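Structures follow.
In the two complexes that follow, chain A is the common piece, with chain B as its partner first and chain C second.
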Partner chain A sequence: MSVLLEISDIKVHFPVGKTGFFGRPAGYVRAVDGVSFTIEAGETLGLVGESGSGKTTLGRAILRAIEPTSGTIRFHKDGQDIDVTSLNNKQLRAMWRDMQMIFQDPYSSLNPRMTVRDVIGEPLLANKVAKGEELKQRVKQIATQCGLDVEHLSRYPHAFSGGQRQRIAIARALILHPEFIVCDEAVSALDVSIQAQILNLLKELQIDLSLTFLFIAHDLAAVAYVCDRVEVMYLGTIVEIAPTEGLYYTPRHPYTEALMSAIPEADPTKEMTPYLLTGERPSPANPPDGCRFNTRCRYATDLCRTDVPLLTPIASNHFVACHHAEILSLQGAMDHEEVALI
Partner chain B sequence: MTSPDTTIPTTKEQRNKRRPEMASQWQLMWWKFKKHYLAMVGVIALSVLVFLAVFAGIISPDVPKARNNAYLSGPPMGIHFLDAQGDFHLRPFVYARTTKRDPVTLRKIAVVDTDTHWPIEFFVRGGSYKFWGLFKTDIHLFGASGGFIHLFGTDSLGRDVFARTLYATRVSLSIGLVGVTLAFVIGAMMGGIAGYFGGVADNVIMRLIEFIRSIPTLPLWLALSAALPRDWSSFQVYLAITLILALVGWTHLARTVRSKLLALREEDFTLAAKLSGCSNSRIILRHLLPSFMSYMIVDVTIAFPEILLAETSLSFLGLGLREPVESWGVLLFAAQNVRTLAHTPWLLIPGLFVVIAVLAFNFIGDGARDAADPYSK
Partner chain C sequence: MNDDTILEVKDLHIKLKSDGVEFPIVEGVSFELKAGKVLALVGESGCGKSVTSASILRLLPRELDITSGQIQFRPPGSDKVVNIVDLPKEGKGIRHVRGNQIAMIFQEPMSSFSPLHTIGNQVSEVVRLHLKVSKKEARARTVKMLDKVGISDPDRAFDQYPYEFSGGMRQRAMIAKALSCNPSVLIADEPTTALDVTIQAQVLDLMRELRREMGMAIVFITHDLGVVAQIADDVAIMYMGRIVEQGPVREIFANPRHPYTVNLLRAVPRLGNLRDRQKLTPIQGSVPSLFDRPTGCTFHPRCSAYIKGTCEASVPPMVNISEHHSVRCFSPEATAPVATASEVAT
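Moving on, here comes the complex of A and B:
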């Protein structure tokens, strides 16, 4: 497999508070604070973490829907090596034909004042790719592929359910045949039964159209179902990246362990013993020194409070940012036979 | 094509069948608006007023400047079907009027002569006027043969109050329309700049709006209109007054536009449009503008009576439009002192039109506000 995207040292800092009428910001929220990883062509990379850990911001920064404060993003396409961070507006618009996004809330991501045909066809019009009858045909084709009834294309989004709306949003993202798609919590707003349909649809489309996904989610079961590799974010930094199985069975970071223990069991009689984190998540405007997780980590030592751990390889394809990763033996998500059931 | 969504309805029943899933926002709004009873009353009242204003020339029995020296300060003349003897007449009539002097006060007073009837006839010839400024004609919808008819009475110069009120409706409504359009354009631009660019531009425009809104409006209008040269023609004054009203009235609209833009800018569908490759202007025109258009319409219907009332108050105070232009305010200007009120209360009838128009607009605004967001749950 070849590398599709190379993200190195991306930071997104938002100014907060003002010292005066036209004053300088009083501080910065470090939503994403120095994140580096690569995405391989054709894979699905999961991105998990609790609310406020910077998942969505990172996803948007990769597309430059939010301008990253610093860092570089390189996109490899047909032998070309494009530096996404240095593109001007016009080049960026062309870039977005290859990088798209599916949003969390299908109710706010579709303009209620446009028919489904107009919504799906908008990228074709805006990029002057197709219009008229050709546009209609292409909309029909992608809509069919996304499981929409072509007879409903003249309707408005308000006539559709959440799952159907998400299919419309997927069709819109796919109509220009992009290579890479950021799925920003693409299923979290849907019913569980619908979630499965949409996840299956994404899987099918990935094979048919050879897509690469960055799958942002907080539902660990959904992530396990679709992702080849998973990265875990905490407070703007990546604490662990590993192939899905490795991460779920043998987490190497204490934060991942806590996440895994919180996966709900499908068996109501089974007793759950989540390892609960204590204390508040520190503010990203004022992160703690050393390891960002040290304030809530039960294994933390003095070293953790002073030195920032770097993301280092610990097994094949398994990276972790923890000083004690070598010596800790952590609890995985579930037993092997249970995973086989998924 | 034969799919159910694309078949053309052929029978009346099919055409009337509602298809909410295929209804655009305007259709949904209209359906919601129609349920608002008072708003529909407002629409009807306003349509009547607009109809009267548009066809003022033909509906009024004479030109508004014509003086009837035989009937000065005459009270309204009622239309009758039954005469004094109780006989029914198929053709309606008014009783004839003769003038005589009051022996005590020596004032000329009109006396009703119930023996003589002036039957009402349709499409009679009278004073000539230019129909919509296009061609000269002297046809009037109705008139009394053998005499005159003044439905709302006459003023002290013998001018027909009915005709003057209709012509005034035309002027007053058009001032409101032009003023609101101007205010709409200024407000949309300023609000658009503030909302879309934000930062310093937003700060400056918002402070300017707060400054304008902090000035008491009446003295501000007075000061601005007092600055108009006295020798301007009535048309120039008319234009200047609309401009003044618009310059003061745009602030509310600008605020609405700004707040809507700020909210919509953060919507996912705006980001989706950006990622779809839309340029800024395409995002504003195709994605944002349709979303807050409905809210702007609400604001416009609410701004309308404000401007209407502003014009009326200014003219009433003698600082807005002046004779010979007819507007509701100008007509009411004549009814200022107690003596005229006591002797000729019918000069207040134009005030009734003001009330009807303002109420109609407020009702419509009310209904429009309820219908403005057809997607709200």
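Moving on, here comes the complex of A and C:
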């Protein structure tokens, strides 16, 4: 596999409070604070973490829908190596043909005054790719691929259910044949039965159209189901990144352990024994010194309170930012196969 | 009513009135809540689970009316049974029950607090309304309650405003508010849906502990089957205003009989088998519109076990399969199709 996206040391800081002489901000919320990773072509990379950990900001910063404060994003396409962070507006617009986004709420992401055909076809018009009969054909084709009934294309979004609307949003994101898609909580607003339909659809489309996904979600079970690799964010930094099985069954960061132990398994015979985090999450405007998780970590030592741990490899493809990763033995999610073997 | 039953809903019907036309929202829901037990009402959005729970406190919006049925409530230590449906929608009768004997917590802790009043003010309001104690005593009681739900520095928290609280803290404050009068029944409408998993685990843990300590019964409304498995004793699965299957949690998860329940359990991504990530089995189609209800069994257009000429002709009756397990289906699944890991292991 080849690398599609290279994100290095991305920071997104938002100014808060205007005080001082020239209205200089009183401080900065460090929503994303120095994040580096790569995304392989054709993979689904999961991004999980608590609300406020900076997942959405990071997803948007990669597309430059929010301008990153610093850092670089390199996009590799057909042998070209494009520095996304240095593109001007016009180049960026062209770039967006290859990078698209699917949002959480299909009720507010579709214009209620446009027919579904217009909603799906709009990117073709805006980018002057197709119009007239060709546009109609392309809309039809992608709508069919996304499981929509072509008979219903002249209807308005209100006539569709949540799951159907999400299909419309997916068709719209796919119509320009992008390479890379950020799915920001794309199934969170849907019911279980519909969520399964959309997850299956995303998997099918990925194979058919060789897509690469960044799958942002807080539902850890859904993430496990669709993702090849998963990264965990805490207070604007990545604490662990690993292949899905490794991350879920053998987490190496105490925060990942806490997340895994908190997943309620849909099996009443297994009582969950969550390792409950104590204390409140610190504010990203004023993160603690050292490891950002040290205030809530049960393994924290003095070292954690002073030195920032770096994301380092601990096993093949498994990276973790913890001073004690080598010596800790942490518990992961229940592995049924292993349970069965005992 | 049985001796240990504290709340019993019998054949409840709720209709939506719109432009002089009536649409059924809840059709013949019946369940019993035993003292100290947790009953989960599960279903997809629009199945009537929230409406059913809101009707217990007569909190339905104006367009919705209870057209028939009974909601019987027996306050603990009393032999007198109150039929909540007979109480006037407003007035002393229902106010004595609401918030005092039966309390409710809502999904969105953000919007269920007034931003203009302090947390303490809003939590102690319940105490002062129902217990007729002095302001000072109400404060002491509230601070104790805030402490109990795990809010650090409760004395300071009393004078803080909701915006100063995080989502998890607000949900704790809401639980404190709901529990401050020692209710015998707590209705929890998706109390953890808006929370992160780690906070959800804390809140579930808190609810479990408080239940043990205070012995209250809980009606837990959710769509998350994982949460159901972890907190409930009994479960009722709802689909389009009817309970389609009902029974003890372990029994329903191990041996689901209604095709909807079976499919719902299959549609949940599970963590146990990441090595073998086969496709999820979604339920075909989507929930029909309330204004376009299918005849007979409302699940028949999406059902894999659909029997032509039978399922759309009449509503299947609720049939007892075992002592506590009942199902509303003409062709219930024969065996347990969802194998759990523990079964594989043995």
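Definition applied: the second predicted complex is superposed on the first by the 332 of 342 C-alpha atoms of A that agree within 3 Å, B and C clash if a C-alpha of one lies under 4 Å from a C-alpha of the other, contacts with A are read in each partner's own complex, and residues count from 1 in each chain.
Please note the rule applied: a residue touches a chain if its C-beta (ideal position, glycine included) is under 8 Å from a C-beta of that chain, and two chains touch if they have at least 3 such contacts.
The shown structure was predicted, so the numbers you read here are calculated from the model rather than taken from an experiment.
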item: Chain C versus chain B on the shared chain A, clash or fit after superposition; value: fit
item: Greater chain A contact set [chain C / chain B]; value: C
item: Partner chain in contact with A:263 - chain B first, chain C second, else both or neither; value: second
item: Which of chain B and chain C A:285 touches, first, second, both or neither; value: neither
item: Chain B versus chain C as contact partner of A:220, first or second or both or neither; value: second
item: Which of chain B and chain C A:245 touches, first, second, both or neither; value: second
item: First, second, both or neither for A:111, with chain B first and chain C second; value: first
item: Least C-alpha distance (whole Å) that remains between chain C and chain B when both complexes are overlaid; value: 10
item: Residues of chain A contacting chain B in one complex and chain C in the other; value: none
item: Touching residues on chain B, where the partner in the complex is chain A; value: 3-6, 20-25, 200, 203, 267-269, 271-279, 282, 287, 290-291, 375
item: Residues on chain C engaged by chain A in the complex (per definition of touch); value: 44-45, 152, 166-169, 196-202, 204-205, 223-230, 232, 249-250, 253-254, 263-265, 267-275, 277, 279-283, 286-287, 340-342, 344-345
item: In the complex, chain A residues that touch chain B; value: 21-22, 60, 63, 65, 93-94, 96-97, 100-101, 103-105, 108-113, 115, 122-123, 126-127, 150-156, 158-159, 169, 172
item: Chain C partner contacts - residues on chain A that touch it in the complex; value: 50-51, 161-164, 191-197, 199-200, 203, 218, 220-222, 224-225, 244-245, 248-249, 258-259, 261-272, 274, 276-277, 279-281, 333-337, 339-340, 342
